[in-house]
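Same chain, two partners: chain A is paired with chain B first, then with chain C.
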Partner chain A sequence: MKISREGNLMKFMIQNDLIAPNVKNMNKVLMEALDQTDGIEEVIVDLNKIENIDSVGVSFVVSLYKNISNEGLEFRIVNASNDIIQLFKLMRLDEFFIIEE
Partner chain B sequence: MLIVDKKIKSTFEAVHDFVIEAADLIKKIDAPEVDSLLFKINIMLREVLNNAVEHGNNFDDTKFIYCKIFYEEEILVFEIEDEGEGFVANDFYMMDEGFTIKNRSRGLELIEKYGFEYRFKKNKVIVEYDLNKEMLS
Partner chain C sequence: MSHNVLVADDGKMNRFIIKKILNENIDNVRIFEAVNGLEVFDILEEEDIDLIILDLIMPKKNGFDTLKDLKAHKIYKDIPVIVSSTITEISSIEETLESGAVDYFTKPFSREEIDIILPLKVINAIKFYEQQKTIQELNRHIEEELKNASAFQNLMLPKTNEFKNIDLFIKYKQSMGIGGDFFDCVETPEGLWFMIADVTGHGIVAGMISSMVKVMFRNGVNDSKITSPSKMLENMNTNVFDYFYTGPTDNSVVFTGFVGLISNKKLTYSSAGQPFPLLYHERDREIIPLKQTGMNIGFFEGVKYVDETIELVKDDILLMYTDGLFSTGKASDFSKWPAVEKFANENMKVLKEKPEEFLGDIFWYFLSRHMENDSEYTDDVAIMLLRYK
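Moving on to the complex of A and B:
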């Protein structure tokens, strides 16, 4: 997972599929990044590279959203495939955060 | 027609490898509507198999998961069997949380939402998808 900052924006570029064998390592990186949100107003999660996802991966996104929103920050998903967008909508995650189409 | 007959180890990594391999074999079925189904099949298999790894076989690397996929009369049939005590005791059954922002047990409801039909026989789950649904949708 690549994390970059630009002004008051923090961007998470997810590099590996959001599936059970990968999520444990992602959680570690995530926890470190969430300690460095001073001055950040919005977090963008870029799913451009994600082809495969499972419910563990969905839970990772939900957990990320919860952590971000608890800090009072905006949260947005960008560049997800149409299949993943439809999946998130099916799970009604679009009621909680913005999923850009 | 038997498409896949394989046993896999009780690890999430083995599940991932199997799903990729199975998807490649399913693509070869002579039914154009399969392409639009592959994402759903991918997720369904991961949910059922991850459940077998975690709750069926308890990550026990001496236990295996037995996977068969058939295609008969435009119906795809997936038979997944673990070496656990049976699905009744599994978290997979925890349907009460539903599609909320809560973090666990989305798998089974997701499978239902995607239009798969399933039934359980002790430690085996049988999932079916009628491809006629895709042709009609």
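Moving on to the complex of A and C:
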């Protein structure tokens, strides 16, 4: 997971598929990044490179959202494939955060 | 703990030297002696041997044949074998290593081999064998536990296939002996409640959670305040946060589910992120997906679910399944549910007339699709079929 800052934006670029074997490592990186959100108002999660996602991966995204909204920050998913968008909509996640189409 | 080493060599002097080296360098070693391959097997029948040092050239049964027979033997195949020979040709050594020997040495022994090389090779082979035995014992233990867990999980399946207005047909395959898919069907005075669920992840934890889903479902069925499937899902979601909530970012108990209530010729249903069930309508002789969306249980507290109702006539069939049926972990998996619909449409006659056969067919059809991609079912698979009568 690549993390970059630009002004009051923090961007998480997910590099590896959101599937169970990868999620454990991502959680560690995530926890470190969330300790450094001073001055950040919005977090963008870029799923451009994600082809595969499983139920553990979806839980990871929800957990990410919960962590970020718990800090009082905005959360947005960008560049998700149509399949991922449809999956998130099946689970009505679009009611909680913005999923850019 | 003593180590039993079998030295097979027809040369008395060789056996004497090897015994001496082992006794001087290895603690608690018991040495057994054989002068040919036949005696090796005689001793193996009597003693629990940890390592065999095998000469290649012996009368009656030579070391090459002995090694091959050992490696083909059901019980003795894992005992490490170090070959010893005066033969120094690389092809003989290569042949024995290919046949399963863990190491080799050549005779006559040099000073260095007596003092360092042979003791180290023997110690390493024994250690490796001990580790292997420990792993095998652990695996056996885990397999036994999984078998017990699987038997327990089978207790959770519906006890009968026949209900007042419904015939139930199920197919269930756990990916690890114990699984996170769950289904249940309960008759009550108000009608027939049923549920299919898929716990995030698979394996032991998912299996434990699916046991709790069963308890929550059964408690809900007996709770007079729960009057509809949406209320059942909302209650389960509340329970998850009450019982397992560890913090605002916690996501440890998550599952998708579909709950239905069949009462007064009507099916009322509510979905929590479950792949769309399919309803075969006898009246129109068509299959329609019940495309209701809903949030997974355990994601967010206080989520509301919706009910939808549809009228049933005799011989209507509801087909429910978990995504393990077509899932390979790809994002595009979600969009593969129409493959289930397509299969159901193409096999409507079997679905209608022989539901049990249909479950077998659909299971094997998707398994063959997985196998075309050099895979098989990697997730739990549950398929549940209800026929209204």
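As a working rule, the second predicted complex is superposed on the first by the 101 of 101 C-alpha atoms of A that agree within 3 Å, B and C clash if a C-alpha of one lies under 4 Å from a C-alpha of the other, contacts with A are read in each partner's own complex, and residues count from 1 in each chain.
Quick note on the criterion: a residue touches a chain if its C-beta (ideal position, glycine included) is under 8 Å from a C-beta of that chain, and two chains touch if they have at least 3 such contacts.
Since we're looking at a predicted model, the values are computed, not measured.
Q: For the overlay on chain A, clash or fit between chain B and chain C?
A: Clash - chain B and chain C, as placed by superposing on chain A, overlap.
Q: For A:Asn27, using the defined touch cut-off, is the partner it touches chain B, chain C, both, or neither? Pick first, second, both or neither.
A: Neither: A:Asn27 stays clear of chain B and chain C.
Q: Could you tell me if A:Lys89 is touching chain B, chain C, both of them or neither one (first, second, both, neither)?
A: second
Q: Going by the contact rule set out at the top, does A:Val58 touch chain B (first), chain C (second), both, or neither?
A: Touch status of A:Val58: both partners.
Q: Counting only touches as set out at the top, which of chain B and chain C does A:Gln36 meet: first, second, both, neither?
A: Neither partner.
Q: Please work out whether A:Lys66 is in contact with chain B alone, chain C alone, both, or neither, and reply first, second, both or neither.
A: A:Lys66 sits against chain B and chain C alike.
Q: As a test of reading the superposition: which chain, chain B or chain C, is in touch with more residues of chain A?
A: Partner with more touched residues of chain A: C.
Q: Between chain B and chain C, whom does A:Ile50 touch in the aligned arrangement: first, second, both, or neither?
A: second
Q: Figure out whether A:Asn8 sits in contact with chain B (first) or chain C (second), or with both, or with neither.
A: Neither partner.
Q: Which partner chains sit in contact with A:Ile19 here, chain B, chain C, both or neither? Use first/second/both/neither.
A: both
Q: Of the residues on chain A, which ones does chain B touch that chain C also touches?
A: Touching chain B and chain C on chain A: residues 17, 19-20, 52-56, 58-59, 62-63, 66, 83, 87, 90-93, 96.
Q: Would you mind writing out the residues of chain A in touch with chain B in their complex?
A: So the residues of chain A in touch with chain B come to 17, 19-21, 52-56, 58-59, 62-63, 65-66, 83, 87, 90-93, 96.
Q: What part of chain B is in contact with chain A in the complex they form?
A: 11-13, 15-16, 19, 39, 42-43, 46-47, 50, 99-101, 103-107, 110, 113-114
Q: Could you list, by residue number, the parts of chain A that touch chain C in their complex?
A: The touching residues are 17, 19-20, 50-56, 58-60, 62-63, 66-67, 70, 81, 83-84, 86-87, 89-93, 95-96.
Q: Could you list, by residue number, the parts of chain C that touch chain A in their complex?
A: 198, 200-201, 248-251, 254, 256, 273, 293-296, 299-300, 323, 327, 329-335
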